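First chain A sits with chain B, and in the next complex the same chain sits with chain C.
Moving on, here comes the complex of A and B:
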């Protein structure tokens, strides 16, 4: 077997039912997404020899393996928060290229909305319940997850003149894409005025600057180009990947609140893929909050630092715009079950296959999926392509 | 007894080997920062190793207690139920004078949210949360309103 034939590809993708599945368990969501992704690839659970998944308690992947009836020879449950699934796919790509596994199933499942209800709208991070580590230096002040992103947004406004209306433009475009996604949690069109007049959660972030809270899961199958050759779909190649971290959970330790870890992971992933930002046809960017997207388009190099506000304005992120982004409606409108990174990968693959439906980017050849985790703590960039490198 | 701005039902820190001295200083209303004894770099939150030079030798440096607002947010929806009646309140990241760029996440108190501003000059005020726990919060240096018990 030549090394070239072991090039990592994504052969199958799927989402579970979402955004609300009160009748399902968390493992049930994993199982549904996994079965669908394998069927999409033209494989069965018997073909799987690797499992990558993560959640909010230790030995998580082991539990999912037991539920799925798997005895994998490759297991990964790396947790970097919201960027975890980009990291898990990066690792899976290395694993299949190295011969450590042939077919790695990457699954995500959450019943966050059914389990905890909407009262978690401000997010748990920074609140009570964190372990007594450095993070306590945030919790003592009544800071919240939204508050942390608001601190970054305020600093970005101060340094670069970014406006609330520019941030709102991100939410407006995501909602516009969600209108074409029948599964999306929120599909009613909104305007910039709607966003900036929605109630403030943590100034300058309004309710509509924040992602929705959902149930749901997604999965993909990572294998080799050789194994994928006779499967159902043309494979999507993992062209390059990288991840980075700047701090744990306390913003006292983040050097510059306007620069996310994407500034490291993006250039590294693009270099490994042999591309530049100008080569990217469609992007799936973690949109926990509108500011997350503004920082990410800057840090990945789609525009200069400080110009993110202008970049996302005037439908800059819409299909047909400067950088078609989150074509399924993103976390701001489609669904956000807690660690949404897997959904970014599924939508990127669908776009490269031409399965994007009404929000298909015509002729998309190169897609980027970028996850952001923690309190802007981690970033992971995946570059995917329709053609072999 | 100092003024109170936040309720008793706030999270209580559990000190570690590196943070105990910080909390002890705070209980005595002294704002300190951890400084590397080898290279002088400061760091927060307190940790075991200097990120700049890897030295494990460190000491506490007492700071003047003034600083500049690096960024802030006005929290309108609290996560901790006990804060439901405290909103809106201001969470700020304060760049500490004498701390070589070291920042602290804290609160601005005795301030109308509209008065909060990046770049504002602030000074520490202490809130005694319990017999052994005092927290440094900040108020605008220009503020003359009462309520804060700066020590």
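Moving on, here comes the complex of A and C:
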């Protein structure tokens, strides 16, 4: 078997029901997304010999394998927070290319909204029990998840003159895309004024600068080009991938709050794919908060450092704009169940297949999915393409 | 859903600040703050200062020693927390969480107290003030440094 026909591809993708599934278990969400992704590929559980997934408990992937009745010979549960699923697909690509597995199922499932509701992200500061080991240093001050991203936003504003209105433009565009996604959690159009006049959660971030909190899951099937040749859809090629980290839960350990790990993962992934940012037709960028997107477009090289605010203004991220981004409405409006990375990959594949519906980017050939995890702690970039490299 | 801006109807006694549990790396740091002093680690090989405390220097893996810090620094960034459901913090809203760059170099997260939340700025000069939170630990809060130029 030649190396060429073991090129890693994504052969199937799916989302589960979302954004609210109080009738489902967390593992049931995995199962529904997995069944749909396999059906989309034209495969069944019997074809799966690898499983990649992650959650908030040790040996999580082993548990999902047990639940799904799988006995995989390849297992991965690397957890880098919200960027985990870009990393898991990167690893799965290496695995199938090396011959360690032929069909790797990558799944995500969460019922965070049903379980925890709106308190997530603003319940920070639990103290020693909540923050084991070195995580204690930033855990004593009543800071919140939102507060960490607010600290980055404030610093970016200070250094580059980025405005609240520019950040708000990200949320406005995501909502515009969500209007065309019947499943999206929030679909009512909003304006910049709506965002900046919404309640401040942690200055300078308002309620509408923050992602929604949802239930939901998603899955994809990674296999070889050879295996995908007789499956249902034209395969989407994994052209290149890379990930990086700058710190864990202590934002005080992040050297520069205006530079995310995407500044490392992006150039590395693009080099491996043999492309430049100018080659990218559509982007799915983790949007936990509006500032996350501004940092990411700069760090991935779509604009210079400090110019992210101007880049996202004036519908810069809309279909037809400078960089069509989060065509499903993103975490800000469509669905954010905690670790959204899998949704980015599903939407990227749909765009490359021409299944984007009303927000389809015409003729999209190259897509980027970039996950951000933790407190801007990790970044993982996945470059996907319609054509073989 | 509770409006976080609404007055708390919580009639339980106030919950104290969370206290760190000292370990082999951090015990001297928390004990110093308990005694009203701010200390940082200095590498005996490359002279780099660091916090948080670690077994060795994070730059060169050289051995580290404890040295007194001036207690002065500047605000690198800050946020005003206006929603937090956890006690005791919910009772303090709005309050300032800040990242402070110490004169010696290390950056720490802290609460900036002793001034109106509207008066906090990046670059503001601040100095440490201490609060005892357990028998073997104190924490360094910061206040605007009136002695700064």
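What we mean here is this: the second predicted complex is superposed on the first by the 381 of 389 C-alpha atoms of A that agree within 3 Å, B and C clash if a C-alpha of one lies under 4 Å from a C-alpha of the other, contacts with A are read in each partner's own complex, and residues count from 1 in each chain.
Keep this in mind: a residue touches a chain if its C-beta (ideal position, glycine included) is under 8 Å from a C-beta of that chain, and two chains touch if they have at least 3 such contacts.
From a predicted model like this one, the values you see are computed outputs, not experimental measurements.
Look at chain A after the overlay: chain B and chain C clash there. Of the two partner chains, neither chain B nor chain C is touched by A:23. When the shared chain is aligned, chain B and chain C each come close enough to touch A:200. Once the two complexes are laid over each other on the shared chain, residue contacts for A:150 go to chain B and to chain C alike.
Once the two complexes are overlaid on chain A, the chain A residues touched by chain B in the first and by chain C in the second are 122-124, 126-128, 133-134, 136-144, 146-147, 150-152, 154-155, 158, 199-205, 250-253, 257. On chain C, the positions that touch chain A within their shared complex are 1, 4-5, 17-21, 23, 25-26, 51-52, 76-86, 88-89, 92, 95, 97, 99, 107-111, 122, 139. If you check the complex, the residues on chain A that touch chain C are 117-119, 122-128, 133-134, 136-144, 146-147, 150-152, 154-155, 158, 199-205, 250-253, 257. By the touch criterion given at the top, residues 121-124, 126-128, 130, 132-134, 136-147, 150-155, 158, 199-205, 250-253, 257 of chain A touch chain B in their complex.
On the side of chain B, the complex with chain A involves touching residues 6, 10-11, 13-16, 43-45, 47, 70-80, 83, 86, 88-89, 91, 93, 102-107, 113, 118-119, 135, 137.
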